[in-house]
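Structure below; questions to follow.
Note that the chains are named A, B, C and D in the order they appear, and that numbering of residues resets to 1 at the start of each chain.
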Amino acid sequence: MATRRPAPAQPDWLCLERVVRFGDTDAAGVMHFHQALRWCHEAWENSLERYGIEASSVFPGCRDQKNAPTIALPVVHCEADFSRPVFGGDQLQVLIAPERLNPGSFEVRTRFQLEGVDVARGLIRHVAINPSTRQRCALPEAIDRWLEASCLGQISSL
Amino acid sequence: MATRRPAPAQPDWLCLERVVRFGDTDAAGVMHFHQALRWCHEAWENSLERYGIEASSVFPGCRDQKNAPTIALPVVHCEADFSRPVFGGDQLQVLIAPERLNPGSFEVRTRFQLEGVDVARGLIRHVAINPSTRQRCALPEAIDRWLEASCLGQISSL
Amino acid sequence: MATRRPAPAQPDWLCLERVVRFGDTDAAGVMHFHQALRWCHEAWENSLERYGIEASSVFPGCRDQKNAPTIALPVVHCEADFSRPVFGGDQLQVLIAPERLNPGSFEVRTRFQLEGVDVARGLIRHVAINPSTRQRCALPEAIDRWLEASCLGQISSL
Amino acid sequence: MATRRPAPAQPDWLCLERVVRFGDTDAAGVMHFHQALRWCHEAWENSLERYGIEASSVFPGCRDQKNAPTIALPVVHCEADFSRPVFGGDQLQVLIAPERLNPGSFEVRTRFQLEGVDVARGLIRHVAINPSTRQRCALPEAIDRWLEASCLGQISSL
């Protein structure tokens, strides 16, 4: 007998929402493609925040930050795929799946869904560097914790 | 005897929130000024949504919209003032005060606060037009209702 | 006898151009309003560049910049007026008129024209501050020179 | 004997320029990653324009456009790689290499260089659709001509 699948037990820091705004559209009447990359980065920031990591421990340019973080996380690659048109007013689910690639790098895959159906996907890959020398280094501890917890979160939701 | 003023009883569609994201900053380490105008427009959209007005009844480019709305609401004027620096990660309160100017025009004043202190203000003025002829016309009914309710909301919070 | 008015003799650092791009539009089929503020700031940067002022002497975040400039120029006020719709593909003339307001502040008025007809206007007001203390200070010398030359340029074009 | 390689004989509609603006940076002091995707799309628009194709024959939302084009070209995939930091004020060369993938699809690869050295690369893939039915169709004739000419341009520059 067919039963309705229960909603996945993903932790809330991996299941976000986003409403598409009028300014995200273009004259073709749908979301302008590069907004999706902005949404991916903001979803990542939102996820860190919900997990309990303060912006000031990861990003430069935060309030009362005596020094910028000693590790920067520049984007080295990003991509996005668009499978269905996304319209202004759409209330999207934003599912993110982070993955550590090596001790100094991770990526975040983001799926945008409308009522459970994928409309777009994105991916952002970061590396850890020393912002002064721009040499590669290990990921910040806070990011490591979030990556580990996210990974468990994804498993526990199977 | 000095007493603590109670929090204002503003309806929730006039009291919004916004977290400043990393991509909103520039190399001076603070919010890049024109983001505030984007925030003002998005706050207006958010307010309509919370009040119960569907995006598709006001904006073109929405899902399942057989026809675009018969009235467009272009911006004819906008402005913003910046009184204190705004940083990435700041969790802002966004207070909006709409006002009908005449039967075919309204404006929305937006105050951005951090812990009750103003950091920036914005204003967007719209006129109603027929999108085909671009002639001025009366505001859409839904906007009229929201303006009226917002006005009462502001009074009741005194 | 009617004669054709000669083109104004404005120096080229006050007469710029801008082509409206597809991503500048929204689902109403015209330029999305807040892009105009971005254009105003970029026109100012372009003007400085054409006049011969290096970005690194004014803005932080430039290449081979051992230290950020000792004076920052945050925006304290901006505004824009929209008189006619602006469409994707429009090839706009961008006329800028800078003005010193006092020793520590200036504003730049920008007119966007299509074939000599105003379609939008913008204004950005900056103050000079010490970026560490955020105390007001005098404008950088380079900006002072550009303001003076621009002022002469505007007079000579009468 | 070492000789200086002559500048490539690329047609000018494939060799563009772009100056990085202050608003393109973030608080890490370098270009914010998703701006690169915007630049890729704008470089494509610029290329069409230089080749002699009017925006109104390709994009909706143009002036004096009685009807929107009968073929839309949504982005189905985009990506970017960042190999070196890009700073405000950088004067980038923008080299674009378009390729037809099949009768109804093409992609544009974009290389951003500073003094001949790659700093970032981008790619945008478009498909042709009927904007009403959203069914796939053949590319517009103007795009076909530009793709063919660009292809010859790339060969002639070897």
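Assume a residue touches a chain if its C-beta (ideal position, glycine included) is under 8 Å from a C-beta of that chain, and two chains touch if they have at least 3 such contacts.
Since we're looking at a predicted model, the values are computed, not measured.
Residue-number overlap of contact pairs with A-C passes half for only one option from B-D, C-D or A-D: B-D.
Contact tally for A-B versus B-D: the pair with more C-beta pairs in contact is A-B.
Separation between the centroids of subunit A and subunit B, computed from CA atoms only, is 27 Å. Put simply, the C-alpha centre of subunit B and that of subunit D have 35 angstrom between them.
The residues of subunit A that reach two or more other chains are 22-23, 25-30, 34, 38, 41, 59-62, 88, listed in rising order. If the chains shown are joined wherever they touch, the resulting network links each chain directly to all the rest. Those residues of subunit D lying in contact with subunit C across their complex are 19, 21-23, 25, 29-30, 38, 41-42, 45-46, 49, 54-56, 59-63, 65, 87-90. Of all residues in subunit B, only 26-30, 33-34, 37-38, 41, 59-61, 72, 74-83, 85, 124, 131, 134 touch subunit C in the complex they form. Of all the residues in subunit B, the ones that touch subunit D in their complex are 22-23, 25-30, 32, 34, 88.
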